[in-house]
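First chain written, first letter: the chains are A, B, C and D, and each begins at residue 1.
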Amino acid sequence: MSSSTTSPLRVVVWGENRHEQVEPHVAAIYPDGMHATIADGIGENLADGASITTVTLDDPEHGLTEEVLAATDVLVWWGHAAHGEVADEVVDRVHRHVLSGMGLLVLHSGHWSKIFGKLMGTTCTLRWRNDRDRELVWTVDATHPITQGVPNPIVIDAQEMYGETFDIPAPDELIFISSFSGGEVFRSGCTFRRGHGKIFFFSPGDQDYPVYHHKDVRRVIANGVRWAASDFPREVPTLLRYDSGDFFNGHGYGRAIADADAEQTPEPARG
Amino acid sequence: MSSSTTSPLRVVVWGENRHEQVEPHVAAIYPDGMHATIADGIGENLADGASITTVTLDDPEHGLTEEVLAATDVLVWWGHAAHGEVADEVVDRVHRHVLSGMGLLVLHSGHWSKIFGKLMGTTCTLRWRNDRDRELVWTVDATHPITQGVPNPIVIDAQEMYGETFDIPAPDELIFISSFSGGEVFRSGCTFRRGHGKIFFFSPGDQDYPVYHHKDVRRVIANGVRWAASDFPREVPTLLRYDSGDFFNGHGYGRAIADADAEQTPEPARG
Amino acid sequence: MSSSTTSPLRVVVWGENRHEQVEPHVAAIYPDGMHATIADGIGENLADGASITTVTLDDPEHGLTEEVLAATDVLVWWGHAAHGEVADEVVDRVHRHVLSGMGLLVLHSGHWSKIFGKLMGTTCTLRWRNDRDRELVWTVDATHPITQGVPNPIVIDAQEMYGETFDIPAPDELIFISSFSGGEVFRSGCTFRRGHGKIFFFSPGDQDYPVYHHKDVRRVIANGVRWAASDFPREVPTLLRYDSGDFFNGHGYGRAIADADAEQTPEPARG
Amino acid sequence: MSSSTTSPLRVVVWGENRHEQVEPHVAAIYPDGMHATIADGIGENLADGASITTVTLDDPEHGLTEEVLAATDVLVWWGHAAHGEVADEVVDRVHRHVLSGMGLLVLHSGHWSKIFGKLMGTTCTLRWRNDRDRELVWTVDATHPITQGVPNPIVIDAQEMYGETFDIPAPDELIFISSFSGGEVFRSGCTFRRGHGKIFFFSPGDQDYPVYHHKDVRRVIANGVRWAASDFPREVPTLLRYDSGDFFNGHGYGRAIADADAEQTPEPARG
């Protein structure tokens, strides 16, 4: 858990920032970009407990350099129309940092982002409809830190419908389930642990609706940011050899095949 | 569940087949290759219930063409020294088939294979030592189909030690835990559901020891093959749009941004 | 898994049979009792694969003697107005059999039965409303045996609403989620493993509506019965002492305090 | 999570205090009783963050009156030889408080306590041997708050062996696995959520050995106490009726059968 009494959480909100450029109705709802609205909501709820910056797809390296990530406690991700434009190299870097302990929030259409898919290992597909359904976000786990301070249910007057079956691994914790006017349901609040990192997926939010201005949605995102942060030193899990009886001194990996010079050290397949 | 009364399960055992080529002591234990021994074990236990073939890394497309995979109910994977040589394109193909419903068994050092890492989303690292530890494989779930027909514990006289912390997502089912002479423990039998596919990771087995000749190890692998097979039609989860009130007719994805011609249809990031 | 090729599953449907006696509208929907309709649905779907009997609350020992339970593969439970009248001794007997391997289906208001509460350890409370909501039962796990052969969603025109928060432990598998006209959601299909037994909770069904005549509800219940049955020999987990190096010969429990004659052998607190 | 900055956690350590009375070797290790040693360990680690008292089996109502429990944030339980002597009425009271939000730690032979069995719903049996095995407590979840500040593994020179199969529901989180000299393994650190309460089961500790004096065991117990505490207002989940469209005003339960005066309101079966 983060020690927020002295140093604020360092939060980066990543926004694709494409819809805002080309769709006037989106720009009208989010004049500074969805990412700015999301960042405001976090700041409003965490106050001095968080130091928040925003970066976008079109920044160099999408704003996610090694230096930025090393100094980020929690990354918040919203993307939709340009998942394919996120460079694989940056995705790998973000992935490595999550596995090392950086928290990650994935919002709405981020379900189809490369980073979420890489962490989940599944297609992350779902049902959908964009037709102003009312969404009710119901609490399944009333004592979870992420569900604190919001009504049960959260009422969102107009939203894009996401429906089961949502192709994700069974979440480590299921904390919200949503229903929509049309009758569909969706596991809208899910937590996952991957490596040393904590991930929170929260589905409400679509560029066509002012969802990120919604008081309760902003509260949940802030709760999620605080939950996802970690004190644990940033380090990626590593394969080490241990001699018999020596539990505390691990040795780095040598050669897989001793008798063949041609064989190289297996590179880790990921991370 | 497989309907084995009429058609046998179609099983493919994938072996890296490198150690056997260059290390005489491995070739002595596995003269036809580890993959052949593993295949024998499955056949011995499933008899007419399985039709088994083997392929290796050095086959064209590593033996895993679209045709082969479409006709495979369960793929069994053993690799160690050459994970990096498995072509990404083939890994993606195998991944898509697992998510579509093909069963997958991952054995021992396959923990570090590209396909296992892709499905898990984590580093899959662990502790290790190759020094003839005795391994005891303890049953945690006595009624699980995979744990049937073997003693509790399974005693393996000489084995490579794998120890916690094993960097995987929490398994959907934990069915075996192993201990080693040196005192280490390991979650040695884990199942995972990903998409429509079922995955069984089983750690005993190392090229330096005759583990795949062990009666109980062979029984567990055969149990795992039967468990991982599926009757469900082979299909990958797909994102579809549904009109209000129409639950049964899904429509393919159109354009993410209606107002900008320049925006293309987002390609699925994976699968 | 049940071997249904030779011997049929032995299924007992337990019905409270009180509403049918005193409420004409219920008797009109279920002239032979809800339990008979449920039993018919199972028989219709499993045919020769099941041998089904029914018993009720007012039978001696509620129809659940030691002999009956020992010869039951799967028990199906529906109760509502008289949970408190089920004798504790019978509940303990059923509990012991479930832990020993007997399958259990708990339907609808059975969420508040003594047996379900004993197995869950929680209050099992929920939200509710009896006002002819339409229920949509959505599939969350498309390849699970219990979800086979029914549409997604199952449409039930009139039903009692059950809503989150449902106070149960996190299910081992979440397979259905329902929505209601009023907007509530509920984890309507949940599986649990307790001891050697498999439990399936399925919420649709209320004495005021003909839900147990619904084709798809009947199919799910039959799927659940087949899933919950077990080949594993009926035996309750037992505490045994093992000498060092002897893994296979367990010894019964002796005395907790060796130095005090007054101390008796601790009785198992349950089971 | 507990707000420990202003008010200390109110911790009660419940000890059976029988072995200490009748077995001199136990009294020698724990002259003030195991419960006192456990309490010291918590105080040593939480300092001003905790206000700790101890109560025993032979106190009136076993020291666990309604007033005491209402003022307890976390209850720590050690029992062994006299589980059967704990009054059912007190067990029910403790159960209700845990479901309402009181944290609970169950230590070692407490696996067979009435309260743990009531919360788990299973027999909670296991394998055992009391023969000075060395226990190694391995960390499975390195970032969990409970595993902080101790080596991996924790080395306990002499301990009673507990071995799988441990008949518990699958833990919500598995955080430690132990091995013993004899080769057995055990899920020694498990968390469970039941109702609004958090439960931590930790197996090391036996009256014959000075385990509760062990620095790392004391640290884990203190970590567990802090983890199990909750800010959530103390309230038991309750069944309420909600009118259509009114999500926020629940109504208490009326009558199960409207047409029969003889029918009473179903009492909650537990809680």
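Note that in this section a residue touches a chain if its C-beta (ideal position, glycine included) is under 8 Å from a C-beta of that chain, and two chains touch if they have at least 3 such contacts.
None of these values were measured; they are calculated from a predicted model.
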Chains touching both chain A and chain C, listed by label: B, D
What is the graph distance from chain B to chain D, where chains are linked when they touch? 1
If over half the contact pairs have to be identical by residue number, which pair among B-D, C-D or A-D is the repeat of A-C? B-D
If you tally C-beta contacts across A-B and across B-C, the winner is A-B
Whole-Å separation of chain centres (CA-atom averages), chain A against chain B: 28
Mind checking the centre-to-centre distance between chain B and chain C? Centres are C-alpha means, answer in whole Å. 33
Chain C residues counted as touching two or more neighbouring chains: 136, 141-142, 152-153, 163, 165, 170, 181, 183-184, 193, 247
Chain contact topology under the given definition, line, ring, star, complete or other? complete
So, in the complex, the side of chain B touching chain C is made of residues 1, 5, 101, 136, 141-143, 145, 151-153, 155, 193, 196, 198, 230, 232, 247-248
Please output the residues of chain D touching chain C within their complex, sorted ascending. 18-19, 22-24, 80-84, 99, 112-114, 117-123, 125-129, 131, 133, 161, 163, 165, 167, 169-170, 172, 181-184, 192-195, 236-245, 247, 250, 256-260, 263-264, 266-271
Contact footprint of chain D on chain B as seen in their complex: 134, 136, 138-142, 152-153, 163-166, 170, 173-174, 177-179, 183-185, 187
